[in-house]
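Shared chain: chain A. Partners: chain B in the first complex, chain C in the second.
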Partner chain A sequence: MSEDASRETAQPYHWIGRNVTKPDALEKALGATEYVGDMVVPGMLHAKILWAGTPHAVIRNIDTREAARAPGVAAVLTAADVPGTNRYGLAVLDQRALADDKVRSAGDALALVAAEDEEAAEEAVAKIKVDLEPLRPILTYKDALDPDGPPIHEGGNVFQHTTVRKGDLEQGIAESDVIVEDSYHTHRMDHVPMEPEAGLAYVDPSGVLNILVGTQYPYRDRRQIAPALDLPMNKVRVVQAPIGGGFGRKDDITAEIHVGLLALKTRRPVRLVYTREESLIANTKRHPMAMSFRTGARADGRLTFLDGDIYGDTGAGISLGAYVIKKAGIHATGPYDVPNIRVDTYTLYTNNLVSGAMRGFGVMQAAVAHESQMDQLAHKLGMSPLEFRIKNCLKPGLASSTGQLMNEGCGIEATLQRIKDYMNARDLRFKRSQAAS
Partner chain B sequence: MAIRKGLGIGSMYYGIGYGFSRADIGSAEIEMAEDGTTTVYSGACDMGQGVMTVVTQVAAEELGIEPEQIRVVAADTGSTPDAGPTSGSRATFVQGVAVQNAARELREEILDMASRMLECPRENLDVHRGEVCEVGTDRPMVSVGKVAHQLHFHGRRAAAWGWHDNTTQDVDPETSQGDAYATYGWATQLAEVEVDTETGRVRLTKLVSATDAGKAINPVAVEGQIEGGAAMGLGYGLYEQHILENGVPRTASLAFYLVPTAMDVPDIECEIVEVPDPRGPFGAKGVAEPATIPTTPAILNAIYDAIGIRITETPITPERVFFAIQEAKSRGEFSDD
Partner chain C sequence: MKQRYALRVNGGTRETEAEPHESLLDVLRENLRLTGSKKGCNEAECGSCTVLLDGRPVVSCLVLVPDAVDREIVTIEALAEDGEPHPVQRQMVEQGGVQCGYCTPGMIMSAYALLQENPDPTDEEIRFAISGNICRCTGYGKIVKAVRAAAEEMGNEGT
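Here is the complex of A and B:
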């Protein structure tokens, strides 16, 4: 904190750069904040969801009659009860609030129950009878790339192919004194926000559907909720409730359409709070990716080329996946000056859980590959991994993989230098290369 | 126990904002009541990281009033304007400028009215800590509260609207060439690991995170982002794997899906780097994702430094490291001493 103090005195601002206390710090520390799961409204019903639990199937029938007769049940709804399009999605409308023709992932919702309490809702969910005809699931990159595989959506399972082309790849290869080639595989990750998905909806006396929800963007929620439920947009109000983290997954529709639909049908307030287990089954995850990279450098340590392929498993819905994987492609070089580039990315539909936005947004995966490649090259060249990065990093006047000229605010060298200073001050050294300095 | 230590580096850059021709906007309204207390209607969601605090500090700085005088109403289609999503490490960078624009406009109204009240040229006046002063002095002439009261009393505007468009054009469809993002975040981390060569277990024992904030508007909040990012990066690298079998989750419980606990997160040294970016508010840019991305690569490279074996698949479970060591042994590329 001594550094902070010196910075604060040196700067011309009154409030910028100061540790002003967060306005909600005290209520959070005292546990007084009311999250959606704490909110209770008079007459409120509790919602539960029947999840598909299987990756790919034709829906023959969903029989809700017995569930609807169960004690305390106010509504049992399937896709047939949705008044609007029933569709949502951040890039394309390929997700259904309630599955209609097919199950496309184990995290698909098949039916909704609203009841007087959570137990009654759970019991009713158990009474819904589902008749599914299993289809061959698309589960791997290879399955998804097979043109003869069953399409999950119309238009095939390769949703997007992007290409990064810069310089002359062959020349880059020819100029290289060392080349490193490897494949990297990253896994599916859940965001695990402290607060699972939750929403509370009610129709107010003026006929406006109000939805309180842990969200990252209420206006985009409204844009998706209104057509899905056949409401004019100005009759939908979305309020961000106090939120226990999102990390990208609450960019997407979570509880909004489900609680909205139940509130419209029952004309009573409805609250839906996922269990942790439901949160792990449903909504978006981090994309697994398979990446093959070939990277070269000259004997003097200058990078010459990157030649790479990236395959991303976006699951049964695009969500933001097409942008995630495209972003991975244009960040595949890392923060370095690479003159010659060929990178191809593929966004693949599978019957796995939907992958979407998650803190790092494709660059998390790409960095696993580009940083491993950088170290492998540094070792082959007998250079310190730190010096190798400092030599190759983007600086004002150099251009990124997309040809964007760097100017102000290009901070990579400063972060590398800070680590170098840290290591030198403590005499820290890499075991398998030269000293940090 | 056969413990080997290693050090590794991970660096990254990250395009801040939305890119790809997608709307990337911020907007806010700001309103001053008769007593000078001020409300900012800000469309940006606070995820707990502190964008409401950033909005408060930006408005306080521009208006020249105390943060305690400001309340933020956030993220409600019924009362706040559309400020885009809180994602892509964009909230401070984009919404910060929108709030700055709104506050500057309101400040002009205040100074204009103060100039009439004091019969003093507008350009000679400034606002500090809730008081209108003569430029270059701290001597209070009239409080902002009194000026606000006059604005309301005379039916003058005591509110303003701020907008900021950070939308960037999509890259070329064939080559991906173009100015993809308005700016980039930058970060480098140093990881120190211990690898148990008998069990394959990897422990992160220290992490140094040098993250470029452009300008840290609230340094403690930036440290919070850096520490949280490192913990999430550590979870990605070593523990958290959502396993599906035939498309069905097999880890749908925290008994099987392992998140890092306080016992797993080491001492994290936050090195806030500040290379000002003129496109952000007071030079600031987002740090959420930059603080997360380098951790796993730094761990992977530290493992190589420790045992001379490169792991290319995540998460880096004890099994994966154990079998990689066994394979290296069978090739004569690893010895226990």
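Here is the complex of A and C:
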């Protein structure tokens, strides 16, 4: 094997390459770990949520009187019972703990019930009467871009427009011998962590609201919970409970504000455990994106330009959507050197379920488009898709779409060379076995 | 209406009151406080509630309490003996088969049931035995490795 300069040599690391036993693995294997849904505290109430179940509507009235009289019920709460701002969101405070003026997605919570057991809470939820006036739902990219469509939030349905510009697009097009134009759609995807969302809250004797939750970020949770419930920051303590998988979705608020509010109102510990169905309905997803790409190359196989648009459906809340979708634009050229670029991204509000962080954070969606383009271009040029990628991949000294210099390389060439070596060796083995037989 | 049930759980008899339509999983978790068996979906898709019923692995969310009467129920809590983890448990830890841990008890029960019946399974047999248990973290490779290592460890103990 040749010692190619681009093959970075592995440095000796302290931990990388070693087996490390996770400190909490044994208690998990014994079945002793208590996730929030396994926890029980004396006097604990059980919570259930009334979900909107419809994408867009004006809330005329929510009648909780009958539910409040149901046996075993300790509290039935709506937005009117929230003492603070009722708002939360990782980047923009555009989500409501409990829907107030409007329903913006089927996963909006309309009311909360705390009762002596889950069945009583469920029965009470069924007794809440809701009067909704349906609005035209914004469900597609086209709906969201329609200037006559009803705005989901103040400020319209196009939340953010970002651009990536590099080189001279017209020149890149003029230099191209082949051009591929296509559009790609990726779907909404759930992380499906094995543990459905859960929270347990209680007010301790010093008046601090304690919230146990399998979260990815307790301090950012606290910064969202305190103002939503009108508490000073030092009166909210978020305890990181064991987390049964997150993959990005537990970055966002899940059960925190709901159990916190119920504990404040009832002065009793309250536990809320989502069913799998609720987890699928109510929590963040991977952003669906619609991408239109035009990509060119010269006859010698060098990429010349990318001209593209990316539309991301963030649902009824931004969560981290503006960053995810912007990132898809930044990564629209993938790990390849493209001298001339025009990419525009649009973060769109819709009445679909909220999308947020998920492993890969927008890069995966872009990869669907740029890798499909690479295959199509290689086919048109009559080149091997692998050689085409090796020729165009970022190498030390080259810059990314946004001008970041790859001063220590970025590993892609070494990776592709390894794949090539592997495939060549496999082909050789196959040929030898054919010859032998 | 609630009825009394005597369940043979983990070598003892536990008396409890439950509605006849309640699942074995709910009774184990809520009434008997055996919360090692997890509720990941409550509809027999994920396997995180797997327990043994007369030696066979079952998803306990789909077993009604009356159907578990007079049968031998074994849960994850009973696998360790005198504080010593079962080889499957130990190898899941050592081979890195545990990440978030939520699927782990059900996964271990399926693997344990397999090794009771087949002490020297192939990787394919291991994969088939845990095919009803979903894991979202590991990609299964290290779990299969752990079950194989446990089989080897148990084989060595026997000789």
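Simple rule for what comes next: the second predicted complex is superposed on the first by the 410 of 437 C-alpha atoms of A that agree within 3 Å, B and C clash if a C-alpha of one lies under 4 Å from a C-alpha of the other, contacts with A are read in each partner's own complex, and residues count from 1 in each chain.
Convention: contacts are C-beta pairs under 8 Å (C-beta built on N, C-alpha and C of every residue); 3 or more make two chains touch, one makes a residue touch a chain.
Model, not experiment: these values are computed from the prediction.
In the superposed model, A:V40 makes contact with chain C only, not with chain B. Touch criterion met: A:P335 reaches chain B, while chain C stays clear of it.
Touched residues of chain A, counted separately for chain B and chain C, are more numerous for B. Contact with both chain B and chain C is seen for A:N19 once the two complexes are overlaid on the shared chain.
Of the two partner chains, neither chain B nor chain C is touched by A:K395. By the touch criterion defined above, A:R276 reaches both chain B and chain C.
In the superposition on chain A, A:I243 makes contact with both chain B and chain C.
Contacts of A:V192 after superposition on the shared chain: both chain B and chain C are touched. Touch criterion not met for A:K380: it reaches neither chain B nor chain C. When both complexes are overlaid on chain A, the residue A:R298 reaches neither chain B nor chain C.
Overlap of the chain B and chain C interfaces on chain A: residues 19, 21-22, 24, 192, 243-247, 276. On chain A, the positions that touch chain B within their shared complex are 4, 7, 13-24, 53-56, 105-107, 137, 139, 162-166, 182-190, 192, 210, 215-220, 222, 236-240, 243-248, 251, 276-277, 280-281, 285-286, 323, 326-327, 329-331, 334-335, 343, 350-353, 357, 359-361, 363-364, 367-368, 370-372, 374-376, 379, 385-386, 389, 393-394, 400-404, 408-412, 414-416, 418-419, 422-423, 428-433. Partner chain A is touched in their complex by these residues of chain C: 29, 33, 35-43, 45-46, 48, 75-77, 79-80, 85, 89-90, 92-94, 96, 98-105, 108, 134-137.
Remark: chain B residues 5-15, 19-20, 22, 43, 45-48, 50, 52-53, 56-58, 60-61, 64, 67, 71-72, 74-78, 82, 84-88, 128-129, 171, 174-181, 183-184, 186-190, 208, 210-212, 214-221, 229, 232, 235-236, 240-244, 246-249, 251-254, 257, 259, 269, 271, 273-280, 282-285, 288-289, 292-294, 296-298, 300-301, 304-306, 308, 310, 312-315 touch chain A in the complex.
Partner chain C is touched in their complex by these residues of chain A: 19, 21-22, 24-26, 28-35, 37-38, 40, 191-196, 242-247, 273, 275-276.
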